[in-house]
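Next come two complexes, and both contain chain A; in the first it sits with chain B, in the second with chain C.
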Partner chain A sequence: MIVKSKPFPQIRAEERSSLVMLDTAIALIPPFFMAVFYYGIRSLALGALTVLAALVTNWISSLFNGRGIEWWDASPVVTGMIIALMMPASIPFYIPMLAAVFAIFVVKFPYGGTGNNVFNPAAAGLAFVTICFGTQLSGYPTPLEPLSLVVDETVKLVQGPAAILKMGAIPTISTEQLALGNFAGPMGTTNILVIAACLVYLLVRKNVKWYVPAAYLGTVCVFASRIHHEDIGAMESIILELVAGSLMFVAVYMLTEPVTLPKRPMAKIFYAVTAGIVTMLFRYYGAVHYSAVFALLLTNAFSPLFDHLVERGNLIELMERRADHEEDE
Partner chain B sequence: MKKMSKRNYYRRFLSVTKGIFLKNPVLTMGFAVPFVVVATTSLQTAVGLSIGLLLTLVPVGLIMPLLMAKIPQDFQWVDYPLCALIAAFFVLPTRVIVGNISPALMDSVGVYFSLLCVSTLLFAARGKTRKEPDLAKVLLELVKIWIGAAMVLLLVGVVREIFGYGTLWGKALPWVKLRFSGVMVSAFGFILLGFVAALGKKIHRTILAAQIWTARNRGPIKEKLIELAHKMREDEEETPEELPKETVEETSKENQGKEQE
Partner chain C sequence: MKLWNTKGIILEQKKEPALSRDLQQLLTEQGESAKVETLAENEEVTLDRLIRLCNEASIVDERDGEPLGDILMGWKLRAAPKLIVGDAVDDEPYVSNQTNPLMKQSADAAYGLRLLQTALKPQKAYFAVYREMHYLNSRVPTKIEEFVVRKMGGKYPMERRAFSRLGDDVLAVGVGALIHLARAAKEGRVQSSCFVTVAGNCIGTPCNMEVTIGTPVSALLEHCGLITDPTSLSLNSAMVGKAVEDPEQTLIQANTSAVIAIREAKKNLRHMDCIGCSRCVEVCPEGLNPMELYRATSTNRRQTAFELGLERCIGCAACSYICPSRLELSHLIREKQEKWPKGEHCHDR
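This part shows the complex of A and B:
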C-alpha cells in the first residue's frame, strides 16, 4: 500500500501556529516604526531587548521542560513586541524585560508552553509589572522629542488621555493629533490608523476573525455612548474611549490570540462582548492602569466556559428540534 | 524483595517522613492554602502562623479522637464545632502570651492567627476513629504534618519578604536591589505555591528516574565485566597459538634438543 502524506481535503490553506505568529509579528512591525518616528532609537532598543529576554527565557524554559529549543517558534517574539509596545518609551529597560521573563517563565511554560497557555502571556507580564512598577508606567514622554538611550530625570513625563478620562476630566487633544497618534501614551498604542491598517492585514491573512474585534469595540462604543462626561457628546466620548489608552491595540493583537480565544464562533462573540463590558467597568470603576489588559486576563479565565455554554445551548436546541419533529410525526 | 526495599533508602526516607515531603498537607492535600497565599507575606508572619498551627493542630489532633470515641453515633455531627472550640481554647491564650513577648509578630499575623481555629488542616487532622488511638503514633503524625505545613509557610514567607520588601526578619538585605510589590498580591501567592509544588515533584521524579537508570544499568555493566574477564582468560590461553612462526619453531627445536639429551 502506498501512503501519500497529503493534507486533509478540508484543509485548504497551510495554517500553522508558527505562520500565524509570524504574521502577527509582521503586523507588529509598523507600530514599531511609528514608535521610532515619535520617540527615537530608544524605542527600538527597548523592543529588541524585550524580544531578546522573551526568546532567551523561552529557550531556557524549553530546555528545562526537557524539550529541545524550538527555533521556529515565533510566539516569544510576538510576546516581547507586544510588551514593548505597551510601555512608555522612557521606561527603564529592565521593566519590559522582567515582564517578558514573567510572561514566558510563569504564565506560558507551567501550562505546557506554546499553544497551551490559559492566560495571554503578554497581558500577564504587563499586569505583573503594572502592580510592581505602577508609578513608572503611568508617565509618558512627549512625542516627537527623540529620547537618548539613557533617560534621566530631565525628561518631562506627562499623563496619558486614559488617566485624564479616569479622573473625570476631558483630555484636550485635537482630532488630527488623535488620528496621527501624536499624543502621550504607550509607545505603540496611540497610532490608531496604523493599528487599523495592521488589523486589515491580519484579516486578509485570515489570522483574525472580524467579529471578535468588532464585538469588543462595539460593546465599548455602546458603553461610551451611554455613559460619558456631560460636556462632550456621545460621538466624542466614543472616539476618546477608543483612542485613549491601549484599548484598540488590545482588541487587535491580544484579544484575537488564537490560544486563549474560545473555539466556537458564537463563543468568541460572547467572549469579546464580555471582555468589552469588563474593560469598561474597569475603566469607570477600577483603580488600575491598563484596564483593558486586566479585563482581558479576567475574561481569559472564562474562555472555556463560553465554549461549554455554546455547546450546551446547541445541544438543547437540537434536542428541542428533535422533540418537535417527533411530535409532528 | 525485602532486601531490595531495605536498600531503597529514598523510599524509606519518604515513608518515614510521610506528611513532610510525601503527602504534604499544603502542597499535596491543599489544606491551609489561604494562610499560605494571603497571609504569609514575611518570615515573621510565617513563624507566627507556624506557632499558631502547632498550638491548634496538636491539641485538636490528640483530643478529638478521644472525645469522638466517647460521643454516641447520633451526635457525631458535633465534631466540626467541637474542633473549632478546642482550637480556640488554645489559640486565645497563645495570642495573649506571644503578643506580650513579641507584639510585632502578632501584628504581622493579624486576624489570621484567630482564623486558624477554622483551618481545613485542623478538620482534616481531627480523626474519625471511634476506637481509642495510640497517642504516641498520633502525636508523631501530627508533628510531621505540622513540619510539612510550617516548611511551606516559611519558604513562601522568606521568598515573598526578600523579593517584596528586600528584607529578612525585618532587616534590610543590601544585595536586593529590586523590589516587586506584585509578590505580595494573593495571586502571586498561588503562583509561588504552584511553583514550590512543581519543584518538589520535579525533584521527586528526578530521584526516581536516577534510581531507575542505575537499576537498569547495574545488570549490563556486571555482565560486561564478566564477559571481559572471560575474554581475558581466553586470550591468556590462546597466546601460544598466536605466537609468530619463528619463535614457535625455535621453541620446538629447543624442546627436541632437550628430549635428545
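This part shows the complex of A and C:
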C-alpha cells in the first residue's frame, strides 16, 4: 500500500470560507423581510436585481482575471444585499445596480478580487451613487404604504430623522416606533431589533468579534452623550444617534467585513474607535448623509497602518522580554 | 502581557476509544534476551547508579528520542531540580500513548518516578496529564500511589510552552521512559519496545500498543485493522507528524508516539483564496501573522518574510488547521524557513 504524501496537518477545522461569506448573506435576509413588510414587494425586486448585477459583474471580472467563474463565492451577493438595503425603497432600479457594478468592477476587481480589496466594495458603491444621484437618495417613502413596482410622482417622499438631526432639529418619533423601525429611512437599516438579532447570529457563528461593533458603537455613544441638542438629554441623544441613520447596519455588516478589517485584535479595536470618531465628525461637520459609510471608507485606508503599529508594539515588547531573559541568565 | 502563552487552539481530542482500551502488545521475542543488573533489594539509589542503569538498558525518553542517561547526566552538574514531572501530557488529537500507559501500568510508572525522586531529591514530584480531554469513557485518577496527577490545561500547542512556564529547575521525563526505567530496575529488562497509539477514522479498533522497536508500520495497521484506505498516514501526530508513504518500509522508533490514518471526507465545497478572516493571526502561539507570511513566502519575498518573523515559526500548524480557505500556510512557511538560511536575507530581494 502506498499512501500519497500530503502537507500537514491531516485534520482541519470544519469552517470553510465559502460558508463564512454565506453566513453574512443569511444574516442579511431578515432585514429584507422587514423591508417587504414596510415597503411591499418592490424592495425584494430591488434586492434581487442588485444582487444579480453584482453577481454578473463579478463573474465577468473573474473571467478577465483568468480565474474562471467562481460560483461558490458568495461575497458579491453580500455586497449586492448591503447596497440594496441601504437604499430608499422608492429608488429607481438602475441606481443600486449601478452602485453594485461600481463596487465590484472598480473597487474589488482591480485589486485582485475577493480577499484583496482595500476598500469595502459596498461602501464605495454607495459613496459613488451618493455623489452622482445625491438628491434621489435623500428622500424616503413613508413605511407601511406598500409601493408598486413602478414609482411615479404620487409617492410622497419625506426626510429621514438623520437629516432632521443634521439640520439641528429633533425628530418627533416615539422611542417605541424608533425601536420598531417604523420611520422613514433606507429600507433595511431602520429595524434596529432585527439587526441586533442578526448580530447575535454572526457572533454565535464566530464571524464577528464582539469587540468590533462594541468599540464602534461605544465611541459613538460617548460622542452623542457629550455633544447634543440642548433640548434633549444625553440618553435621548444616544438613542437618536444610534437609531436615526444607518449606523447600526454599518456596525454589524460593513465594519466587521473580514477583508478590510485589520488582523490583530488590538488593531481591530483602534480601527473601530477611529471609525466611530470619524463617523461622528462627519455627522457634526460633514455635508453628506450616509456619514457612517463615508467614515468607514476613510478608515479602511488606515487599516494596514493599525496592524503595523500593533505589530511594532508587539515586536518591541518581545525584544524587551528577550533582553530581560538574557539579563537573568 | 502574556499574549504568547494564551494563544492557540483547543482541538477536538478524539482520544476515545483508544485511551480507555487495554494496552495491547505486539512484541517479538528477540528483544527479551538481553539483561542488565537489577537494583538490589536495599541498594542505595544514587544518580550515578541510575545513569548507569539507563545507559545499560538503553532507555530513551519517548518524547524527543533523547537517551534518559544523557538527560540525567545533565542534572549531575547542576543543583537538584525543584520539581520532577512524569509527563503524560498528550495535547494532540488521537494521541494517548502517554496517558494510557500511565493508567494501565501505573505501578511501574510510579516506581520509575520514585527512583528519580530518591536519586535527585526534588522538593516535589508529580504526574501531569492534559486537562482538555473531554468525553472520556474512563476517569484519569487524581492520585497514583503517593504521586498526585496534575491536570495541565492550555491550548494546543501547549506541552513545550507549559513546561517552559514552570521554570528552569524542572525535570520532565516521559511516562514511557519511567515505565522502562522501573522494568530495568526490577527485572533487568533492556528497553526494546515503546508505546504507540494507533488511531484515526480509518482504523477498525483504535488502541494503544506496546510495540517492539523496529516493527514496520504495516504490522500495526494489520493488527488494528483498516476499515477503508486512508488518504493520509502519519507518524507521531495528526498536526505536525511525519508523513508515511510506504508503511512496509517505515519502522517504529523509540520516539514514535502514534500512527494515525485519516480518510478525509470529500465534500463538494470549493476552496477560496484568503478572505482575510484573521483566524490564523488569532491562533498563532508565537504571535506571528501567518497570512502575511504566507503571502511573502509564496511570492518569494525573502526580506519581507524575515521582517515578519519567519525564523520564529515553530511549525505547530495551528494556522493551517484553522484556515477556512484551507491554505497550506504552515507547510509553505516551514519549507521556506528551511530553504532560506538565517542571516543571508539582507542582500536579497
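Throughout what follows, the second predicted complex is superposed on the first by the 306 of 329 C-alpha atoms of A that agree within 3 Å, B and C clash if a C-alpha of one lies under 4 Å from a C-alpha of the other, contacts with A are read in each partner's own complex, and residues count from 1 in each chain.
Basically, contacts are C-beta pairs under 8 Å (C-beta built on N, C-alpha and C of every residue); 3 or more make two chains touch, one makes a residue touch a chain.
Note that the structure is a prediction, hence the values are computed from the model and not measured.
Of the two partner chains placed by the overlay, only chain B lies in contact with A:V106; chain C stays clear of it.
Of the two partner chains placed around the shared chain by superposition, chain B is the only one that A:I131 touches, whereas chain C remains out of contact.
In the superposed pair of complexes, A:G115 makes contact with chain C only, with no contact to chain B.
In the superposition on chain A, contact is made by A:M21 with chain C only, not with chain B.
No residue of chain A is contacted both by chain B in one complex and by chain C in the other. Residues 178, 180-183, 185, 191, 194-195, 198 of chain B are the ones touching chain A in the complex. Residues of chain A touching chain C in their complex: 1-13, 15-21, 70, 72-73, 75, 113-116, 207, 258-265, 307, 311, 314-315, 317-318.
Across the interface of their complex, chain B is touched by residues 94, 106, 110, 128-129, 131-132 of chain A. Residues 1, 3, 11, 93, 218, 229-234, 238-241, 243-248, 260, 262, 269-279, 281-282, 287, 289, 291-292, 309, 317, 320-326, 328, 330-331 of chain C are the ones touching chain A in the complex.
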